[in-house]
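Per-chain residue numbering starts at 1, and chain names A, B and C are given in the order in which the chains are listed.
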Amino acid sequence: MDMRFTDTLNALENLEDGMFGQDFLLTWEKTAAALRQVLLAAEALKDLHRRNRPARCFDSGLAVSIFRDNSTRTRFSFASACDFLGLGLQDLDERRSQIAHGETVRETATMISFLTEVIGIRDDIYMGAGNRFMRQVAAAVTDSHTSGVLHQRPMVINLQCDLDHPTQTLADLLHLKTHFGSLAALRGKKIAMSWAYSPSYGKPLSVPQGIVALMARFGMHVCLAHPPGYQLTEEALAFAQRAARKSGGRFSITDSMADAFADADVVYPKSWAPFAIMEKRTEMLTAGNTGGLAALEKEALDSNARHASWQCTPEMMGLTRGGRALYMHCLPADISGVSCTRGEVEASVFEKYRLDTYRQAAFKPFVIAAMILCSRFRHPARVLETIGEKPFSRCLAP
Amino acid sequence: MDMRFTDTLNALENLEDGMFGQDFLLTWEKTAAALRQVLLAAEALKDLHRRNRPARCFDSGLAVSIFRDNSTRTRFSFASACDFLGLGLQDLDERRSQIAHGETVRETATMISFLTEVIGIRDDIYMGAGNRFMRQVAAAVTDSHTSGVLHQRPMVINLQCDLDHPTQTLADLLHLKTHFGSLAALRGKKIAMSWAYSPSYGKPLSVPQGIVALMARFGMHVCLAHPPGYQLTEEALAFAQRAARKSGGRFSITDSMADAFADADVVYPKSWAPFAIMEKRTEMLTAGNTGGLAALEKEALDSNARHASWQCTPEMMGLTRGGRALYMHCLPADISGVSCTRGEVEASVFEKYRLDTYRQAAFKPFVIAAMILCSRFRHPARVLETIGEKPFSRCLAP
Amino acid sequence: MDMRFTDTLNALENLEDGMFGQDFLLTWEKTAAALRQVLLAAEALKDLHRRNRPARCFDSGLAVSIFRDNSTRTRFSFASACDFLGLGLQDLDERRSQIAHGETVRETATMISFLTEVIGIRDDIYMGAGNRFMRQVAAAVTDSHTSGVLHQRPMVINLQCDLDHPTQTLADLLHLKTHFGSLAALRGKKIAMSWAYSPSYGKPLSVPQGIVALMARFGMHVCLAHPPGYQLTEEALAFAQRAARKSGGRFSITDSMADAFADADVVYPKSWAPFAIMEKRTEMLTAGNTGGLAALEKEALDSNARHASWQCTPEMMGLTRGGRALYMHCLPADISGVSCTRGEVEASVFEKYRLDTYRQAAFKPFVIAAMILCSRFRHPARVLETIGEKPFSRCLAP
């Protein structure tokens, strides 16, 4: 067993247990120990994969995904993670079922869970609805497990909701840890989480919310920048404020992209929709107000268009610390002249950091696998040790 | 190995072989030994799962599903069952293929079967068509296996057709066995299989047909209740009559829900479509008669509406033995004031038995796994014994 | 271990390494050794399956499929092959993702590949586009692997493109090898790859191109027959010409089906679209020229209709060597009086050879598995030997 892997396991073994039997719905509900467990387990699992070691710890069991929005990256990350651990994938395609809201969420959640170990949900479209739906599913499987209907209680993972995108932000954090060498090295580093212009409409707030709430816990100076009207939810802002105070970091808000980029060590320029418009949109969608929705889309696009200068250009990058800040994006980015006429980032900046954004994305499958491992097994370090000692390779190579 | 598991295996070992190499298309084609095999194997498999034991008995192999109608419960039951045994799931999505009826069913059935161990089919919409389609698939794989094209002949499982719903009714029977303590305890118990009002149209007859045909074999008093025009097929009625005579049970038909509920030990109130209308519908669908279909739907809904009093109310439940009959439903139920304004059952009745209906549903994955086990292995008891002795857990817990 | 299996492994062991780390995009890019490796590995894998032996050589890992056209046969062949080797299936459904062409193919290819061992692609609709797309994916994963983003580089398999259909034609070759006893026995045998009439429009040229290019390498007399206007690409014709010269075979072209069938040992009558029309179609589809497309379809169908006599009839079969040529088809065939009024083949001819066409198709899953095995493992013979010695059956039979 190699040295680094052993060190990771030791660190993991010494953490107090924070994830066993738990869901993963919002990072700001999790203890520091729980977050560190997930990060360490993800590193160990990525290390196993790199060394062609197997990680199967389930002989059978389903991993159910519910995607209420299109997805490629997260879908494949979830699929890869579950397959790596030995779980079989089954997607609940709501277009081919008759899933109604309300009373029957409870029933459906149980019906898909008899032999299920994990349920991953993406529901990021309706402000105020996505995370609530996840909690309904979680409550339902708790109820059915407590009453003996389910032999095991599947864990619920938030694969992006209206409030947070924890599998993304923990992958982002792992990318930063790897880039700067340790979590401790993040202390005092400045990260600019900045709104950026996009010609499209309705992007969720989950990534900026998740980033400010998470990075403030690790002593970073989190600088949030956006034009007027694009503020985040009170809940996320208040948490980031408290977290920064507690960690010795800093949380500031500005309406200038340049201010945010000034001397930043990391920049994360990304578009999102105005919160107020997203709330109105949910109401209109619920009410089936088609005319109102069209007017609202126009209003949102007009609003975006007034801030078309919020673009990550070489000049903007020049303002960062030594002109060499790490550029981050959850992908796909709106790249000017490539995927749209004018967007979040200029092509020359994106191309320079393209492989970095791929490396950032590469952590996500292992973060998801780590969440499952730490939730389903009381002693994840011992499971990883057992796996690491298996006398064969993941991919048979005699 | 625990005692109950050993007892189940012994009982299974002593049964004559009735399922090996067989499909499962209709319960009324099966010998009593075959049914008991499936029930015992399902209990053993459920017990293994509850005790976190692995059940993998296929190193590889596909399980193919063909759903010609929407499904959540049965889809996940089939997926769970196959994954539990080690099979990989592959859905044949006919919208993404070019499957025609007639000659080419034969070809398609072979093309999806080269490394396939089981084919599960739901085809419950067209009266007179669903079960026939399953038999065409079954005949095709037999032909291809006999002629040496296929190394193995996949088993075909009816996941609900126009005539029967055997994975549901065997789960129901297992629920009754568990509830009353044994199959012997079912003798003389009265089960009311009653039509109930629904504001929707076109529900298959497969559940009521399957229930009367199956429960009459176990000495129960099966009382079928429905308004005029909602009779079942001659085939099912005749079989239930003969089965009741042979088993010492009783089969009666009434046009009063109250009569059926009187002193019942079990009630199964559920809507279904008038048989004559389903037959006309098939003709019109085949002929593409859109105008006729609209008129027919109105006729069916009007017919239902004349019997809106057929609802499972607390008063109706009060007529049952001691007012405490077991309420059953294959789910989802049309619950008055919850999933519709007025439907099959009042909310207070459903809520009282909600967890019971979940327990009922929980047997289905294991019934399906048992069907596969008993069909693909000549000595299912020995396979289960080998599985039960594996030196590791299903879900690794070192 | 049985004798034939050992012989196959010895032959495989003695071949020079031609497939390790390689994609499979076009047979005419492959060395003879690479082709022979795939054929031998496919035979060994089919033998293992027939003898109920396991073939799992991946403990985990994804197999990603991208189907840009409907498919049943190839989809199930790919699924079966990957499951047989231990890989988990994940389909990239482009309708549920936001995959654009151009720049982002590179990104998407990487995002689906973090734990992926093989990517199978069908893209056969647009002339000049399908194979190019596969190369873009292949270049992207090479780039990401070289730069360390991917721990492993997934192999890319052509599951049918605009130019070739290698999993089909290698299955066809294996069918011929089995039918005639050896590859050597193919020398001098005449195969008629003939256009045939179909009432449908737009069938790809990949099968006839693949057949003439591949069979000419094994010393066969490949006789290509088609009406004027249905010629293949220069690239395929030139390769077949050179290959025939080099192998001591022969490559001839005629505009008479009867000439091609005369004294043929094998006939492969199959419709395809006129190349020029396919090219125009691609242009019009790209330009969104709906009116032009309708006119083009009419032109193509009129063109086909002028050659409705190109049908594989009993009389035509009577022209072949001894009247007993082997009839081949990649399925589904347009069978006169069965799947269409008048098509590629008369029902009596097809029925006579129906099981032969099934046997031909049965090789495809094993060819795909062999491609994966030979690409992902440096010593496929040793992997097969290890697999063949496993102390348990694929399907547990204690």
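Just so it is clear, contacts are C-beta pairs under 8 Å (C-beta built on N, C-alpha and C of every residue); 3 or more make two chains touch, one makes a residue touch a chain.
All values reported here derive from a predicted model rather than from experimental measurement.
J.: What are the mutual neighbours of chain A and chain B in this structure?
T.: Touching chain A as well as chain B, we find C.
J.: Shared interface numbers for chain B and chain C above half of all numbers used, same, or below, different?
T.: On the two sides of the chain C and chain B interface, the residue numbers are mostly different, under half being shared.
J.: Starting from the mean Cα coordinates of chain B and chain C, work out the distance between those two points in Å.
T.: Averaging C-alpha atoms per chain gives centres 41 Å apart.
J.: By the touch rule stated above, which residues of chain A touch at least two different other chains?
T.: Those would be 88.
J.: What does chain B use to touch chain C in their complex?
T.: 57-62, 64, 88, 90, 92, 96-100, 102-104, 107-108, 110-112, 114-117, 144, 147, 149-152, 376-379, 382-383, 385-387
J.: How about chain B: which of its residues touch chain A in the complex?
T.: On the chain B side, the touching residues are 49-50, 52, 54-56, 67, 70-73, 75-77, 79-81, 83-86, 88-89, 331-332, 335, 338-339, 355, 358-359, 361-362, 364-365, 392-398.
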